């Protein structure tokens, strides 16, 4: 037996003993564990509304909503994360479908959630007993541990998207879940929820109200979002460059008690691009899911290019260069895990320099 | 010469030597310097709008507005602080009067300012070149070091109140002041200022806008304030006790980038009392100035009782027990120096327990 | 074909179409995705120093340290996370072994790291060019993105444990890594590093030094840790109950610029139990790794009981009830991912009430 | 009567009516109220230890320490603030003198205090019952509302300086004061106080201890201060410019639970200048008091120049340009009101650029 063979034998034995002792050496795994830059398993991907919505409809015919399954929600599963219902490693995104007069039962969980409505109306989500109307263009929050149930008060089905931090909370083993009462706590269908009546006044807060980690304002109405975006673009036209980039307006949904993100673990934003505008190519650490609310655009995600239109959703993995070019005026909802990276000091951004940006 | 006399002589000499050496002993001054509880020199006091406004009018006839004097503002001088134009030891409050077509010239200063409008319209305050309409019920901010000028575009005079932290900044020797251009930077009279168009959308902030110490939203319109107060009282009627006390609603003007006070050194609030409601007697460390916006009330300030109505202003010194009883529905604007005490760990509050208070 | 069969066929088709469209329904996965309470895949586990150290020694004979593999570090692989070199879902823990006169080359990465020394001396870790001696009982930090290399200046091997947030950063796709120069930047072996000379004075900070997310003090010496623990127990004996529990002292390594955790993503602590003391059973959300520094103890982790002694390491998964009973006086080093949960609002703690706890 | 005369009469009447109505116009007072830059009434001034100490001694002979007067403290009275025992508009500074075996009785107050010892030993200050030895070079804290008493256990008198925020708290009407027991709560004279035993370990904090607004470490010993300054200068000599300026080292006393100032309302620092070093001329908003601990220096305060030596104190008013030139190595203690300005957004600094400053 030569020295080299002896060495190899000794090494084989060593690795076998590592394995038996539940040990794994760094020197054979370093480049995978600690790559030079992020190598996400998740891939850039587009889910088409034209495919999603009919599948949701078919589910509506075949699958009842009820206790246990809890929601008729169908999750986007990133092909790079096979077998997992994760749009990205941290974000869960689904289409939820509620048939005429149906109710999704009450529960709460430590996972943070929101709903964004691409179309329709007639459903109220009761958050801690406060009925919140859901209508086209609205963002509705369900903070961690808030009881919630949904009821469709109309004779038509309604679908929307749900965003949650399920993958993050699962990886952190931080999920708690409890069922609520089986019967809806309220069947009221007010035009305006109590949280909006209390908190929906710009810059005004009830005296004595404590700061809260998640926004106490839990409904962000389309009319306000639309007005804010319109104003940004008009101000830029008037010579006050308050947009993100020329022709690219954007608002962040925020918590009026802190000014920070509306939700603790997810960032929620709405973007408007004028026809013909192309955003500066950009990479950030962390992942995002976008949904086209209106218009058409071409999205470049790394090496891939996709044409997207109303309802289409796409996932942007960490550190994937991305850019959006609007064919028509394009309105897009976006959510991401950026607050997690901000909180942990892991934020990184690379962006082609943009002229004229200034927000006062 | 007896021992006692010797001692007294020695003491006299000692005190005389102290004086010569610019020294003052504690043991003779302790009880004044460090009282058992605050002994403000400022006194509870009411200034009547019926007296203020005519004096402002007479000033309008006799005193030009111009460079040097800068503003036709007449300050409330607390009788307990003789010779000083201070409403309280930290707060300056004045009626400002601008005649038809008059302009108050541009300047900026480290002192923080706001305007609150009890009546009238037609004046625009240009803050950093952004023209802000002033109308009944509005609160308009002028953060520290922001250039500002006022112009009356109408054929009628207009008066409002100014609040500043002049006494505080003077005691801290922190005042800087610079004159701006003599001519107005803009004569535009837009209905809505740029800061409102950018920031006046509930819970929405421009992506990329940095946090700011003072609110970037610099106009708080009456319609919003009124709606917020109305909603609080209605919610309480519906069984959701979101008011400060039964029948007592209140909003704080806040900075949407932080959720904190709209201004760094002054707290600004608006209170509404239903007819017949009496607020729980309350003492706080720090002083405040209130103005009746509408209605009538009886104010108890320490041992004093005053009946107040629209436009009347009153000063509440530190630690002075106060309570307000509404004869009619009463709307009151309030500003105070509480952020100073919060920041310095000096806040103290004594309040008779109140049932049913809860703000979510 | 019966209705039921038809339905089943339709359902099968639906699920097949989901799969083809990269979709996964919630109703079949809800209980796994959103359990009633955390169900960690990671298991409670003990790695024995008596097994670890000889394997590290054998690696020292067989495996060179060099560029690419970078470190002769052997990671604890939780049996519940098969194939992954993760002690817990968020924490990487390893024994690192450096032979006489060996050097581990320079690199930096966004992953945060520390070293804790159970025995030995003679190695200096150069952090951003600042040589830091490593000796028994010391905690040495390597903040995110700080260049570091290790050199053994002695004729004897040295081993210690490394803790990193590799699993967390990998799941977040936030890892960046760069190689440094191949040759050590310095071969100096000062007794005290520059960061200690600048920052190692209790309660004193250099004027003008900015706050930093990670501690600028990067060496926490055993003499200080030992003295702090000794004092806590003595103070308790004198009637000032400053311990965590009777007979249980504990210190947290902190960042002198903020008072917070020494590292951004990991908490580091040292615990001392008097002989006979048993800690109150406790569950927390988040995972931890402990190492016995000295003494013997019995550890209860969920249903399992282990006897541990000097050098042994054990993993505590999320929400696993755990308690430690000291047979002799027992000193234990602990690190955890708690700052992540604190930052994301996911902290939960269940602890049997403990008498007499008070820290001033 | 001419028009001019009529006008003047009308104006006189107006001003008289203002006065009667407790009103003061801005236009006649603006330049005093809102100067172009701070115009402090306080003046630069030096108090000589050679004058102070003998006066304190004479007080020791003539004036008993006891209930009511509370302390044999003699305050520096800035000649620009006649009749007031204020070193600056916000800071109170005094020499306190305690004869052999004397006791200063227990009390507490919302005013924040500290002691700095220029010479001597033998006195213990009991802070909330924790006896704290006072020795040359030590800084000892008395946070707001902490009960404290002083006792001289030796046969020799001892003197030190007291710093308090009395003027600030008085202007804010925020002072509360209560007498404690007449008899000392403890006569123990431990070498090390309990707070030091619990908190005096660099970078280590008791697990479970909450953050506190004032430092829970209440004794900062000279040996640590001296070592920190020595290290800064040595590091600079070695090529690591960690000093404030070449030859100018400085430490700030900090709160280990937050990293911020040791006290809420006052900044405390220690500076060391090498012989021959002259600090860059500097202006800041806010005032400070310095005491020479050792050595000799020439101080330039605005237009004035003073030579100072051990024990001498000098006041630096707001925005007064100042510079210190060391004749010998000079050690100086400094306290200021800077935290107030930082908290209120009023900080301003003008400093001649300095080469080579860098603190890591």
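Order of writing sets the labels: A, B, C and D. Residues in every chain begin at 1.
Methods note: contacts are C-beta pairs under 8 Å (C-beta built on N, C-alpha and C of every residue); 3 or more make two chains touch, one makes a residue touch a chain.
All of these numbers come straight from a predicted model, not from anything done at the bench.
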Subject >> Relative to chain A, chain with the most remote C-alpha centre >> reply: D
**OP:** Could you please state the distance in Å, as a whole number, between where the Cα atoms of chain B are centred and where those of chain C are centred?
**Re:** 52
Original post:
Taking each chain's centre as its mean C-alpha position, how far apart are chain A and chain C in Å?
Top reply: 31
Original post:
Quick one: chain A and chain B, Cα centre-to-centre, how many Å?
Top reply: 42
Subject >> chain C residues counted as touching two or more neighbouring chains >> reply: none
Original post:
Which of line, ring, star, complete or other matches the graph of chains that touch?
Top reply: ring
Original post:
Between which chains does touch occur?
Top reply: A-B, A-C, B-D, C-D
Original post:
Taking the complex as given, what residues does chain A use to touch chain B?
Top reply: 194-195, 197-211, 215-217, 220, 224-225, 227-228, 231-232, 234-235, 240, 242, 244, 250-259, 262, 269, 271, 357, 359-360
Original post:
What does chain C use to touch chain A in their complex?
Top reply: 7, 10-11, 14, 17-18, 21-31, 33-40, 42, 45, 47, 51-52, 55, 58-59, 61-63, 68-79, 84-85, 89-90, 92, 94, 109-111, 144, 166, 168-178, 213-214, 264-265, 285-287, 317-319, 337, 339-341, 343-346, 348
